[in-house]
Amino acid sequence: MKRSRTIQLNHLPRVEGHGNIHIRVQQGKVVEARWEVVETPRFFEAMLIGKLWENAPYLCGRICGICSIGHTLASIRAVENAFGIVPSEQTTTLRLLLKHMETLQSHILHLYFLAAPDFLGVGSLLALTQSHPTEVQRALRLKLLANDACDLIGGRRLHPTRTVVGGFTMLPEKAQLEHLAQRLAAAQEDLAAAADLFGGFTIPHFARETEFVSLKGDHDYPFIGGELISSDGVIKKEDEYQAMTNEYCAEGFTAKLSRLSRDSYAVGALARLNNNFGHLHPAARTVAKRLGLAPVNHNPFMANLAQLVECVHVVHDSLSLIKKLLRRKRQAPRVALKPRKGYGVGAVEVPRGILYHAYEFDQEGRIVKADCVIPTSQNHANIQHDLQALARQWAAQGQADADIELLAQMLVRAYDPCISCSVH
Amino acid sequence: MAAPLSYLGVGLDRPRVGVFEFTSCEGCQLQLVNNEATLLDFLNLIELVNFREAMSERSDDYDIALVEGSISRADEVARLKEIRTNARLLVALGSCACFGGVNQLKNRFGDLDWVKKKVYGDFPIASQEVRPLADFVAVDLMIYGCPPKKEEIEKVVTNLVVGKKVAMPKYPVCMECKANENICLFTLGEPCLGPITRAGCDAWCPNHRRGCWGCRGPAEAANVRELEAIMARHGFSREAMLDRLECFGGFSSQVAALRGQPRRPRKARSSKRS
Amino acid sequence: MIFATFSKKELPRLFDLLAPNTVVGPVQKGLDRAGRPLYDFDVIYRFQDLRLDYPTTIHSAKRHFLPHRESLCTFTLQGNDWEKQVDYNVYKPVVFFGLHACDINALNKLDKVLSSPPYPNPYYTAKRRNMFIIGQGCQPQPQCFCRSMGTDTALHGFDLFLTDLGDRYFAEILSATAYQFLQKIITRPPTAKDHDRYKEVVTERNQQFQTTVDTTDLTKLLDLEFESAAWQQWGDKCLSCGTCANVCPTCYCYGVEETVDLDLRGAAKTKYLYSCNLIDFAEVAGGHNFRPQTATRLKYRYYHKHRGFVEAYEESLCVGCGRCGEACLAGITVPDVLASVRALGG
Amino acid sequence: MAPQLPFINLLAQPGGRRRQDLGSFEYSYQAEITNVYPLTKAEKLYQLQLIDPEERRRFSFLPGQFVMLELPGIGEAPFSISSSPLHHGDLELCIRDVGNLTHFLSRMQRGARVGISGPFGTHFPVENMVGQDVLLIGGGLGIVPLRAPLFAVLENRSRYGRLDVMYGAKSPADLLFTYQYDSWRQFDVNLAITVDRPNRGWRGATGLITELLKERIAKADFQPATSFAIVCGPPVMFRFVCALLTEAGLPMQKMFVSLERRMHCGRGKCCRCNIGATYICLDGPVFDYWTVMNLKEAI
């Protein structure tokens, strides 16, 4: 049956921020498939101008309510790079641990609260409290663990308080870290059950060849700093990030968009996994194999499973980070610093993909120029292209409107977009 | 349908709650689901009918609107007014909604076109001066903080359900900080806005040896003049103090006074429920 | 009173004997911006953590007998019915190791209000009765004015009081329990030489006090100077922050908060310490505030401590520990305030 | 093994309910709301009965004393007992809906349970007024605490001299206990009522209560030497009233007022209601005017 129809979905639910989906089909052909970002911009890059350096991490954490820790860490890294500060090993270890716990928290939130309802055919987690109470309890338990860990290390799960340029204002106590390790070890059972649950979901059949951008791991699965890599073979230094992101503005988007070797590229859990599969913890690799996930995977819906694999990775890696912290002698929480004229970039893999903060300072450490490139803004163009391909594929198959609408929503959700963050 | 609520033999209505967001980081509403241990009890106390970030269902029939974010575009004004019409009780959730939040920092440049150009170049973008909710509609209740405390949100909602008035502390953060027996940050050599900022956060930042930046706005007897003297005595620059004071918008009139600018008249129409 | 002396080497043994109980004592909490150590009272597990050489603490030991927040009772509810559960929140005795005379006198003063009829406060009293206090002679600090307040020595309210005589301690034994504990370490009765040395040490210490407050006729002076311009001057500085009350060993004002549990099946009544400097301290139903100005509230704190309490108990509620002045960011100190009221008024 | 210090468990000690007992501090009687009568838009009269019959019988109070009424999780607040002391644990409280506790209470039905502790505070010394003229002067809600001494005098009407009740309210709709005025008059009470804002049907006096008092003082039979006065109402009101009475020659120690402060414990421990060393909850709420004059910031 061939007819004309329009799917218009304003303010897509169960994503962070405001985006619209618009699909128009005429005589079975897709004439238009658009992803629009209508979020109100906040102008952080302008706000920072003229502010002293210490404002940067404090303000920039507030770009995002979900990955405030990642933003704070990227911002701190940019400042430290500009001032030539080398944080202690203790600090880098704690930062990575904190980063891991944010990843776990955010992925669990996405998997259970935002994505799972689609696969289980309900509107929200609320319905699942009735139909799948054990799974909901499991999700809450994992999220609580991750959030408690963020409180412990960062001071606060949202807009962290202990993270500062040079290190931390306060350190967790030994006993607290030991307790965290116990809880993390116990969480593996919940993660295994999560893998069973998500492994049982039917992942939509769809693939579109894509360029994937992420940090490049040397020995480890990368999260904080280092070189940048694309699956099309581009490799750049951290402070050459602009050569990777190539930001531009476009009609229909209050966020900026990015491209590299092709019209668009993707960042996020799937990109990280595709580019650094070998660096995953063996346990995480095993889960990936079980879920049918191997590099290079071009199905964006698989990003959900990539998140799950990363959850397994970060839990295992956190355990060894804690071991390391407990083994080493305690160092001072932070190192002294002196502002200076300079330029610094901080690249951090936040849950939704690679994030860059870059600042230029004058002599007194006042910000002259600021630039932040957010993962979701790098994904927008790719979402748009996926959406077109997907609409075409399914329109051709003659799928019902409701199904296309749901699949389109699921596609966008698979990117776990953080739209308000992208329109910072 | 969940069982009817009652307390001490008095039947209570389960309020229909909508959660909305404007220009913001969506962190405040995230705090709503960030209370894993009590989330299910919390959800039993209310009927969530509109919460875009967490659910697909939407309804315009709600009693309480929890509104996050500041207002910075014409369509937001219209949507906010609609929410006001629908809601019996409109709650401003978080510093952006209460004072403009960090977003209002762009206002300080005055020239909005310059701000837009700085970020978007010549690409046209709609954005106006950032204002708090109360500049456009009557706000019944403010839950302060960037982010707000989940315990406070729960307390406010519990109180609304049983019909208790919600009184925010009027005293400054120092009170809670000292009750927690922290070492004062000034003693440690860090500036802090605790002496003039409204408490209720349980001295969240000073507990972690982080100076307060005033996210909850001024305490009721905020002695800004003395704070200025204290900052100077401890060797902190006026700039560092102003950075903190102007960060969340709560101290906008004090900042204007310190900078010697005339305080811009507010269209404020904040109403108190009787 | 019974006296004894014992070698300093015996002190760790005494600690270990008492250690099966909770022990609270001075510990180092960090360094200030100039690198000087900062102290506070905390629970102690090892003798090494005890810093008996502490000059003073930022906060008093109040948290351990008048907690800043304390549950008064909880309720369980069902329909119209409800039941109240009361708990005094003390389950075992607590040893206080190394309180100075001012802090012991603070307890004695609090006893007068809180443990006295009518309605002795059982939460405080239960904790107080389960305290074992080892006092210790102090090193006068620049901010101390206990001598002016008559609280530089403690005559009662402790179990054992130690004075450092160099290589040994001179112990005043006030309770049978303390006596029995001392039986388990090596002590000897003090000799005439010990007495002389004790007197010497005390005299030396008494010469070190730097700050004095003229308390002559203070209550009447305060009555006369109720309208003194000095109040306004200090009031202009005061931040209405309650810091002074929070660090004070004798400030005991409190408020009560009742909360409903999230599941509506229980409720709690919690006491939280308050301060008369906070803006809504004297607010009554209907919103009228008896002391809306900072100056009147600041004045009130002095009136309660130095006039009202004297009227009731013949002594001031201030022990001259100087903590409030040290903690006050606005630099408002009791000696300065009282001196200015005297000077400006006259 | 090192010895452990002995633990003294005060909770385990038998706690009676006498004033000195530690157990009495947080003890509250459970009482049932047996009746609720709306009096005006904001005020309701609550009849309460202590549930335990023994407690009900033993409960006794003096006119002018107050109880703390507690609703779990909602709050606790002081209220003057407005019924006759002869009725023991069958209490009447007249309560205005002003805030948390009072509002929740106004939503409760008969059969509901509240907590009552007390009675607390000083009382109006009606026993010393025997043989003398008594003036009861109330403004607004001030009539509520006046009812207890009024009932106490009425129970022994013949032992007292002339009895005046002067009562002022904002408007006729705000008048409390209108249904009782006739029965009071039957007991030889000189009831004079005034309102600030009369409505159309109002035929009584209009204006401030001080006007009524001036009239009364002007009369030949006003004898300050053999009179007592009890004044309850907002501070501005009793300041003027007491000044007038003093001027008319009534000794300050023969005038009694009831003060109001925010109370958190009602037991002289929380330090919220005190003025210097004077605790409104222990040394008051009833004071003679001389004492009030000597209290800074009392009114």
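As written, the chain order gives the labels A, B, C and D, with residue 1 at the start of each chain.
Here, a residue touches a chain if its C-beta (ideal position, glycine included) is under 8 Å from a C-beta of that chain, and two chains touch if they have at least 3 such contacts.
Predicted model, so just to flag it, every value in this text is computed and none were measured.
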Exercise for review: Name the chain pair with more contacting C-beta pairs, choosing from B-C and A-B.
Suggested key: A-B
Exercise for review: Would you mind checking which chain's mean C-alpha position lies nearest the centre of all protein C-alpha atoms?
Suggested key: B
Practice item. Could you give the separation in Å between the centres of chain B and chain C, each centre being the mean of its C-alpha atoms? Key: 37
Practice item. For chain A and chain B, let me know how many angstrom lie between their CA-based centres, rounded off. Key: 26
**Study point:** For chain A paired with chain C, centre-to-centre distance based on mean C-alpha positions, whole Å
**Key:** 51
**Study point:** Between chain D and chain A, distance of the C-alpha-averaged centres to the nearest whole Å
**Key:** 65
Review point. What are the residue numbers in chain B that touch two or more other chains?
Key: 7-9, 162, 164
**Study point:** Sequence positions of chain C contacting 2 or more other chains
**Key:** 77, 80, 82, 259-261
Check your understanding: Which residue numbers or ranges of chain A touch two or more of the other chains?
Key -> none
Review point. If you go through all the chains, which pairs of them touch?
Key: A-B, B-C, B-D, C-D
Study note, to complete from the structure: Note: in the complex, chain A contacts chain B through residues 11, 13-17, 40-43, 45-47, 49, 51-52, 54-55, 58-59, 62-66, 68, 109, 113-114, 117, 123-126, 129, 140-141, 143-144, 147, 155-159, 161-162, 164, 169-170, 249, 254, 256, 420-421
Review point. Quick one: in the complex, what on chain C touches chain B?
Key: 29-30, 32-33, 38, 40, 58-59, 63, 68-69, 77, 79-80, 82, 236-243, 246-247, 259-264, 272-273, 275, 278-280, 294, 327, 329-331
Review point. What residues of chain B sit close enough to touch chain D in their complex?
Key: 7-10, 162-165
**Study point:** chain C partner contacts - residues on chain D that touch it in the complex
**Key:** 2-11, 19-20, 22-26, 28, 71-77, 98-99, 111-113, 115, 260-262, 264-265, 267-272, 274-278, 282, 296-297
Point to revise | Interface residues, chain B side, partner chain A - complex | key: 21-31, 33-34, 36-37, 39-40, 43, 48, 51-58, 72-73, 76, 101-103, 105-106, 109, 114-116, 118-121, 123, 125, 127, 146-147, 204-205, 207-210, 213, 239-240, 243, 247
